[in-house]
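There are two complexes below, and they share subunit A, which is joined by subunit B in the first and by subunit C in the second.
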Partner chain A sequence: MAVIRDVMPAFDLLQPDSAADAQKLLEQYGEDAWVMAGGLDSFDWLKDRIKKPKVLVDLSGVEELKGIRATSDGVEIGAMTTLTEIANHPAIQRDYSVLAQAVELVASPQIRNQGTLGGNVSQDARCWYYRGGWPCYRAGGNICYADTPVGRNREHAIFGANRCVAVHPSDSAPALIVLDAKFVMQTPKGEREVDAEDYFVGPELDITRLNILKPGDLLTAIRIPAKWAGAKFYFEKVRDRNVWDFPLMNVASAMKLEGGTISDIRIAVNAVAPKPMRLRAAEDAARGKPANADTGEMAGKLAVVGAVPLQFNGYKIPLMRNLVKRAIVGAQEAA
Partner chain B sequence: MRFITWATSPWGQSVPTHIVWGLIWVAVIAGLFFMIVHSLYLIVVKPPKRFAERTAEVNAAGIPERVPRHSLAARLFHWIMAASMLTLLFTAFLPKVGIQFNWVLYHWIAGCVLTVSILYHIVHASFFLDFWSIWPDKTDLRDAMNRVRRFFGKEAPSPSKFAKYPLENKLYHGAIMLTGLAVMVTGLFMMKRVQTGIFTRNPYLFSDMTWGLMYVLHGLAGVGLIALVMVHVYMGIRPEKLPITKSMIFGWMSRDFYLEEHDTGRWAVKAPASKTKEGYAASDGD
Partner chain C sequence: MRHGRPAVVWGDTSKNFPYTCASGGSQTTHAMTRAAYAVGLECVQRLKEVAAAKLGGQADEYEVANLRVTRKGAGAGMSFAEAAQHAIKLGGIYDGHDVNPDVNKATKQSVAALAGQGLVASAKDKYPHDGDSYSYLACFAEVEADVETGVYRIVDYLAYADVGTVLHPAALGGQILGRSTLGIGHAIGQKWVIDPQYGISIAERFYQNRPPTILDVPVNMQWNALNIPDPETPVGARGCGEPPVGGGCASILNALSDALGDNIFQRAPVNADTILTSYEAGRPMQNPLLAHI
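Up next is the complex of A and B:
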C-alpha cells in the first residue's frame, strides 16, 4: 500500500507563466483541473490517490502572483507569496504584525518556505475521515463519520455544523479577517474582489468547498488596507504539538485604543467552525469599553454563545472563551 | 449511463450513495415532452368529447348553480401540500444546479409540513370523505379500455361521463401518493442524519447499504415528483381543465360543467335546501 500511496495518478502538468494564462487554463478544464500553489495540500491528496484530476495547473512559474507590493492604501500580497517571505517582510512586521505572527506559526520552517498565502487560505479541510477518502458528505457521500456517537471529533467544529463538522484549518485567515483584507480573484467574468470573511463558505451553502472559488476561478492577490496598520494586535494559536501542527484553535484581534478605551476592534477565530468566524457580537460589546480583564471576560462569554460541542471537543468552549479574553487583554493580563 | 453513484464504505463494501443528479434534467425533459405531445395531440387530432348519454332523466333544476366539489378543509390541505411540495423540490434541486443557499434547513421544515399535511389527509379522506371516490372503479377501467380501442379506430361503446374524478385524476393521485409516501418515509429517516433538533442524530440507525438505498429511493422519488408536478401544473392551467382548477380555489364548479363532464349517477349532487347560489351538495367535499 505504501508504494501505491506514494505514486500520484497520471495527469497532464500545465505550467503557465502568467495569471491570465493560468485562469484561462482553469476555465478551459473546469472541474477536471486542479490548481496547485505550494503543493503542500495538493500532494497529500494526489499521493493518497483520492483526488484524480485530469490536469494540474502549477502556479509556481507565475511570477506576477509573487511578492509584496505597497499600494496607495496599504499592501498587496501576491497569492503565491511564501509564508516565510510574509513573516520576514519589514512592512508586514511593522504595520500588520498580526499577519506576520500568524504565518510564522504555520507548520514548520520547511513548509513555510514552500507554502503560500493563497494556498494557506484555500487549503482543504483536515478532517481525517474526509482526508482518508471515506465517502462523507464533503466527499460527495451521505454521512459525516466524525459526527457520530463514536466518531473521533476532538478537532472538529463547535459552531456552524451543517451535516459536515470539519473545521477550517488556516492560521492566516483570522489575521486577514481582522485586517479587513480583500481577496482578489480572476474569474471567467473578470476580476472580483471580496472581503476576507466572505471568501470562505460553510457547508450550509456548499458542502464540497471551503471557499467561494469555483472551477475557472483563480485567487491572485490579497489586499490589506491601511485602516488597521499599526493597531494593537494579538494572535495566538493552540495546537497539540507546538513545533508543527494544525490549530486546535487560533484567535486574532486588531484593536484601536483611545486612552485605554477600545474605540474599534475586530476579533476572529478559526478551527471552531467550517469557516473562520468573525466575532461581531463580542466586538460590539467590547467597543467603547476599557481593554481590561472584565471586558475580555465578557467578550469571551459572548463569543461562545450558541456553541454546540460534539462528543470529544467540549474543551473548545472554555478554550475559545479564554482565547478571546486574551485577544483583548493579552496573555499576561488575562492570566 | 449510470443512474446511481457508488462509493466504498470504510469496511470495503461498495454502497450506493445517491442518484446521479443528471436525472433532474431527465425528469424536466420528460415533463416537457409530455406537455408538448399532449398539446400537439389536442391541437392536431382534436379528439371530440364523446360521452355515452345517460338514459335516466337529469333533473337540472334540482342541481345547484354552484356545485360544491372541495370543502375548505380539503382545499387548505391541497394548497398547503402544494406549497410544501414546491418548497421541497426547489430546496432539493436548486442547489444541485448551482443556486446556493442553506437548503437543508428549509428542506426538512417543508418535509415536516408535508408529512403533517399528508397524515391529516389520510385521516380526513379515510373517515370524513368518500374514501373510494379517488380510486379507479370498474366503470373507469371499462371506459379506459373503450377509449383506447376508439383511439386506435376500433368499435367500442362511448365511455361514461366521469364520476367525481376522471380516471386521469385518479391515476395521478395514485402516482403522487406512491412517490409522496416514498419521499416522506425516507425523508423522515434521513432526518436522523442531520441536525434538526427534533431527532437525536444517529447515522448508524441502518447499515451503509440500507442508508444508501434510502437516499437513492428518496432521490428517485424526488426527481419523479419534478415530472409529476410539472404535468399537474400544466393540466391545471389548460383551458378545458380550468373549471376543475377553480374548484380547488373556490370550492365549487358550475352546474353546466358538472352536467357536461360528470355522471350525475356516479357523482350525485343533491338538490339545495333553499335557493341560493352556493348550493348544498351531497358532495363529499373531497
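Up next is the complex of A and C:
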C-alpha cells in the first residue's frame, strides 16, 4: 500500500534541452525511462514509491516544447505549455474558447501554473485503488478492487469498462476532441500525428496505459486546425469542490449553426470511461436539427444508451444525459 | 494600557511560566481570562502595598492607572518600574521569595526561579462557577441547487454567536468563520473513504478526501455576537472554538433539505451524486449510515 515517505526511489535524472535528445533518451532507456512534464502526476507515483523508474527524463528544460504558435491552419501548442498560459492566451480565448475554459477548470491555479497540456492529456488514471498501489489489473494484477459489490466506485466508469473501471481524468481532452485537434509525437520511426480521439486507448487494447505513447515515444505538440475556430462552444465540468478537483464528469461541444439549425457538431465527454468519449451517435442525431431543448434531450438520451453503472455511480447516467443536453442547448435554455 | 505596551512572550518551559490549563476544549478563553483576572487583581494589590510602604498611608488609599501607582487625589506616586525596584527591597511576598500558597506546584517553582527580579505576583482562580460555560451559535445559510447536475453552492451565510463578552472582535470573527468553514466542509464534501472489504482507507490525498477550499464558501460570510457578559466569570467571556462547526454544518444541511425536499439525503457530506440519484428516481434513494464507513 501507499505509504507517503516523501523520499523518492533513486533514479538517474536526465535533463535534455531538445525534443530530439529527449526522444533519443526515451528510446535508449525504453521501459526503464519515466518521462516527466510538470511533475503533478509523476511526483505522486514517485513519492509513494509505487513507480520506480531507473531514469527520469525531465522535459522542463526543452524550450522548443513550450509555447503557442500560429500555423497556416490554426495554432500549435507545445506539449510543455502550461495550462495557465493556454487559459490566458488571446488567440485561444478568441477562437478556441472551449479549450481556454476547459484548462481553466483544471485543478487549482498553482497546479495550472506548473501543469502542462501534454501532461494533462497523458496523465495516468486516478482510481484510488490503483493510485494507492493496490495490485489491480491496471497495475499488473488480476483483480479490480473498484468493481465489486462494495468497492468504492462512485467516480468510476459507466462505459468502456474492461476488467479496469477507472475513468480518464483529463479536462482538456474532450475540448481537444471537439476542436478536432491533432496530437504530434516523435517516435523511433519519426514524427507521427493522430486525431485527438485516437490518442487515447481503453483497457481492451492496453490495460496498463491510457494513451498510445509507447516507450520511446514523446508527445511534442497539439495542433488545432482552424476548422472549428469561433464555433459555438460549450464546456461544463461537474466536480465535488469548486477548485482542485478532478471531474466527476465533463462535457465539451463545438457547434456550427445555420439559422437555428445545427449544421455540424462535435460532442465529447470525459470521466465516464477509461478514455474520453466522442459521442458520434448523438452528433449524427443532432445534425440538421434545431439547437433547442428537444434536440438536446434527444441527444442526451441517445448518449447514455448502453451505459452500465456500477454499484455507486448510477448518478452518472442522468448526469451525462443532462450535460449532453446542455452541450447543445446551453445551461440556461436547458433549465 | 496601550496595545503593544506589555511584551508578549511565546511559551517556553525554560521561561518560568505559571501553570495553566491546556488550550483546548473551547474553554481557553473562559478559563484563562479568569486566572489572568485573578493574578491581575493580585498584582494591583501588591503595587498599592509597595507604594504605601514607600510613600506612607494605607494601600487602599492608592490607585493604579497609566502605568503608575498613585495616591488618590493627585498625591505622590511611582512608576511600575520604581514599584518593582522597591518590591525587591521589601522581598518576601513582593518579589517572589514568598509565594501565594494556593497556586499550583509548577507555578511555585516558576515564582521561585523569578524571585528577586522585580514585583512578582501569583494567584489562583477561586471565583465561583455555577453551571456550564458553553458558547452557542445560531447559523443561517442559503444554498442554490442545480437539479440537473446535483451541484449546489452556498450563496449566503451568517453566524450569530453568544460567547459572553467579546474580547477581541477580529479574532472572534476569524474563529467563528474559520470554524464555520470546517463545518461547511463536513456538509459539502470532506470525508474519508474506506473500502469495507479490506478495511483500508483509500482517500489518502487531499484531492481524494476533499477538504473545503476558499472557493467553496460564500464570498461574503457574515458574523455577529450578542456581547452579553457571562455572569459566571468576572471577565464575562467564554470560548468559541468548536461551536461554529456544528452550526456551519447543520445550517447547510438544513438549507439543502429545505431546497431539495425531505430525506433526499440522510448523511453528510451531501454530494451531487446523492442529489441526482434521488431526483432521477423520484424518491429518496439514500439510506442512513449503518456503519461508520
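Throughout what follows, the second predicted complex is superposed on the first by the 331 of 335 C-alpha atoms of A that agree within 3 Å, B and C clash if a C-alpha of one lies under 4 Å from a C-alpha of the other, contacts with A are read in each partner's own complex, and residues count from 1 in each chain.
In this section, contacts are C-beta pairs under 8 Å (C-beta built on N, C-alpha and C of every residue); 3 or more make two chains touch, one makes a residue touch a chain.
Source: prediction; values computed, not measured.
Participant: Quick one: subunit B and subunit C on subunit A, clash or fit?
Facilitator: Aligned on subunit A, subunit C fits beside subunit B.
Participant: What is the contact status of A:R154 with respect to subunit B (first) and subunit C (second): first, second, both, or neither?
Facilitator: In the superposition, A:R154 contacts subunit C only.
Participant: Applying the document's definition of touch, where does A:M80 land relative to subunit B and subunit C: first, second, both, or neither?
Facilitator: Neither partner.
Participant: Look at A:A181 in the shared chain and tell me whether it touches subunit B only, subunit C only, both, or neither; answer first, second, both or neither.
Facilitator: In the superposition, A:A181 contacts neither subunit B nor subunit C.
Participant: Put simply, what angle do subunit B and subunit C open at subunit A, by C-alpha centres, to the nearest 10°?
Facilitator: Value: 120 degrees, nearest 10.
Participant: Using the superposition on chain A described above, determine whether A:Y145 touches subunit B (first), subunit C (second), both, or neither.
Facilitator: A:Y145: touches subunit B and subunit C.
Participant: For A:N162, select first, second, both or neither according to whether it touches subunit B, subunit C, the two together, or no partner.
Facilitator: The answer is first: A:N162 touches subunit B but not subunit C.
Participant: According to the stated criteria, A:D240 is in contact with first (subunit B), second (subunit C), both, or neither; which is it?
Facilitator: Once the two structures are laid over each other on A, A:D240 reaches subunit C alone.
Participant: Measuring by CA atoms in the overlay, how small does the subunit B-subunit C distance get, in Å?
Facilitator: 7
Participant: Under the contact definition given at the top, report the residues of subunit A touching subunit B in one complex and subunit C in the other.
Facilitator: Touching subunit B in the first complex and subunit C in the second, residues 145, 148 of subunit A appear in both lists.
Participant: Which residues of subunit B touch subunit A in their complex?
Facilitator: 5, 7-10, 15, 17-18, 100-105, 193-195, 201-204, 208, 211-212, 215
Participant: Report the residues of subunit A in contact with subunit B in the complex, numbered from low to high.
Facilitator: Touch residues, subunit A against subunit B: 134-135, 139-145, 147-149, 161-163, 201, 204-206, 308.
Participant: Which subunit A residues qualify as touching subunit C in the complex?
Facilitator: Counting only subunit A, the residues touching subunit C are 1-2, 4, 44, 107-108, 126, 128-129, 131-132, 145, 148, 150-152, 154, 236, 238, 240-246, 248, 312-315, 317-319, 322-323, 325-326, 334-335.
Participant: Which residues of subunit C touch subunit A once you look at their complex with the stated criterion?
Facilitator: So the residues of subunit C touching subunit A come out as 148-151, 153, 188-189, 193-198, 200, 202-208, 210, 212-216, 271-274, 276-277, 279-280.
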